[in-house]
């Protein structure tokens, strides 16, 4: 079965399975565990104009069917990314999505401008939804005006496809989704992590060095599917869904809720090659549920009233 | 291509209450270096990092000595001979092997003892200078692998916080004495953070290499997620840089760290 | 160890374990499984002025470490509650909390007024956070003005303790918390369920008859602890925490995050008598973590910066 | 005081592919009535409701016949003799026993067959009027307990959707024929919703009692959460009332339902 996904501005994925930003480094880390050429794409770790230190450890904490993280977007900055990582990625045959972050509108724009010149970057994912930094990050994703500004600024400096990554910590994701589409976003990815907190009972303190953290993993899948469903029902651009994907069935759930592709994060820590297994199983799972191709599944559950048997 | 793989448990020991040692049959793991670890699948959302307690490349056996502290280690301690473990490994930077011209000081605290044993096991034929092995724990129960160390032919100076075995107090008293007597020592240490912090202080200005094996909560275990960082040099005005225990460590040179 | 919890306006709980509204009926359903007299309290199913039909089935769906429900507050109305259920509850020696709901401010007030006269009702829990109904419910909990109005209206007709139950589907729970305290709330309970959605792959539709549903269970605990921590840091009134409690350790986590008591919901479906086990184990767990009484634990992790070892 | 309790599995049968029957030793469950169910703990967040396939109060055995359809039923089907199940039960309203002066019609579809068998087993000595047992399924494989029914001494009319065993089509053809010939019948039925809906229609105006056993996704299983409702009478202008399968049912009188 052909799993190719054709997205706006010529972005083509071999299949709908993309490594989620922040869980897959810049590519080389997992290269000896996963045949990167088989992936639909890789969204690299968030990149800022200058190096960011990130948050104090501990940075991860296990929760029921979930994971709290407070990495705080540690990254070496766009220059180091270009020098150290793009050469490696140039040898890889998969879509490379640059996840970009900033404290200000200008910083987002600066990264986009720098990377626009890099042929190896196939698309941008504008992260306006990271709950783990104080300034910028999630704040931009919570205000339709600010979200508009950031996306507009990025749009002005690149003709590459622009994906905007949405926060789940919102009352009305549809409002932000509309604002970023108005600003020129070609696609929306959702969701980033939910804000959570755990207590280290022995230490009598919040378990993470950063205090709160971002909740990911299977625990958040119902919230993610709801937001994808809501966004897909409200805006016309393609949606890339994520949050707790573990299996090809989970992928199908996101597709039916309106996603054109999915990203896979936390499960990779347990099973480095799970994305490959999902890609292998997806055709059978689609067939099992009566779909003869991928596109048929996209949005298949949209607009259906609740089920009454 | 690497991948997670299954290794069979061929022996299960209970070296002390609340501790289990699993020997697995895996030539790949047995090629590991002392100080390296493997990342083991458990029912939780994250794998659990465990250092090698033994490495026997000739027989293809590797050991994993686990102290039960929570759900994952409890699950591991319940595994039986015949069960398999799903592991990533060997991972990380291990201890650098000894230089032949310097005295040795090896310091293990609690579950930091197994990597020290693995180092002694690997290097036992390379001894040419005086060797001190200092092992400490809270109580007698947690003072593991002492017999194994002695069976390799090394003496071990023991300490417990409560004096239930060996000298009362931490490892630092015998360590200080040894360093005073052998200032040219090279040092390897693994144990709880406070012990490593104390050693970091006590070894300032020492001429020999000092290698400290750290622990940190981990995500991927292979360098991708930046979860497992510890404060490191160079310190910037904003504070220390952060480096990864899983790939830049677990073993760091003293100079690399910012305690 | 004395587990008594003394709350505002003379509300006293024998212990901090209260059955969560909607998961424990009106009391008699679980009476043959649980010695009700041992519980700290029971928050009964939400009560409206007239009977509510609730949402079309299916009404529950399992998710990883969680549960989606779309009950839609089916209930027989306040008159039937008084006639059919209060007599039974009169024979039970535990705090009874009336969870009240309405489509309008007046409806909330009407239920409170009717029940204020009932000696058996020890406190009110004003539910402004149910995600499963179209009008009223969550809408009141998302707007500080409306939240204020509802709570004010209830406050005007009763001297009994008023607890306000907060939604987690908010950007700034602290803002709503302040508004309801200004309106006269004596306590805050948190959290109600997160809005989620699952797809029934076979039926190609949302799995629940109501479309979206409310996510509960261990999956949401980190979100719940975060919100309790945030509210407890921002308002001076006691907080009753809930969301995914399964064990005495979980109770301690909520206490340390600032809760004075907890409610227990979803786990009761798996283990009808789990609340009793938690009550039995709580003293040992408190001692194990170095607390010599319950109050010491309340808020023990508040105001502590993130942990750096 | 009731509570969840553990019951040992004493026999495990594989009556058809994808189906397992577990016999448990539990005098409490064996006192249950046909049409009642128990609510079984599985690794998921919710228990799983399963009807009794057999009830043998004299030996204290109860049967649970499970078709594997998802994670919970797969887990149940993997249980072995010697394992225990954590159950709540017997729960719900079972079938009302037969009236002696009316012909019997029992209809079972797919996993609705086991409760029909349990009813026949309980009532086999009370037959005084003609009896029809109609069992249907999608395919031959899913036509379970046919031999058991015959061993009790009852004839069974069989149907499969694909004609792989018995008459081709649904149970409705033989049902209609029987009702035409025996209009005074009392009816018991259990099976998929479309089958029950068809029966609900076909039995309109019948003078005898019609009892339909329904399924619905459940939370608590004991009447507290209002998860497991089905549309019921009286219909109001807003639509039907909702009643609980777990305590008001699973067995409802035809007149109570609003299909």
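Order as written gives the chain letters A, B, C and D; numbering starts at 1 within each chain.
What we mean here is this: a residue touches a chain if its C-beta (ideal position, glycine included) is under 8 Å from a C-beta of that chain, and two chains touch if they have at least 3 such contacts.
All figures in this text were calculated on a predicted structure; none of them were measured in a lab.
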**OP:** Based on which chains touch which, give the shortest step count from chain B to chain C.
**Re:** 2
Original post:
From the centre of chain C, which chain's CA centre is farthest?
Top reply: B
Original post:
How many angstrom between the C-alpha centroids of chain D and chain B?
Top reply: 60
Original post:
Quick one: chain C and chain D, Cα centre-to-centre, how many Å?
Top reply: 36
**OP:** Please report how many Å separate the Cα centroid of chain A from that of chain C, as a whole number.
**Re:** 33
Original post:
Taking each chain's centre as its mean C-alpha position, how far apart are chain A and chain D in Å?
Top reply: 46
Subject >> Multi-partner residues of chain A (at least 2 other chains) >> reply: 56-58, 63, 65-66, 217, 309
Subject >> Residues of chain B touching at least two other chains >> reply: none
Original post:
Draw the chains as dots and join the ones that touch; what shape do you get: line, ring, star, complete or other?
Top reply: line
**OP:** Can you identify all of the chain pairs that touch?
**Re:** A-B, A-C, C-D
Original post:
Can you list the residues on chain A that touch chain C in the complex?
Top reply: 55-58, 63-66, 68, 70, 142, 169-171, 194-213, 215, 217-223, 225-226, 229, 244, 249, 252-253, 256-257, 289, 300-301, 304-309
Subject >> Residues of chain A defined as touching chain B within the complex >> reply: 22-25, 29-30, 32-33, 35, 45, 53-54, 56-63, 65-67, 69, 71, 74, 217, 266, 268-273
**OP:** Over in the complex, which chain D residues touch chain C? Could you list them?
**Re:** 1-4, 41, 44-47, 88, 216-231, 236, 238-239, 241-242, 247
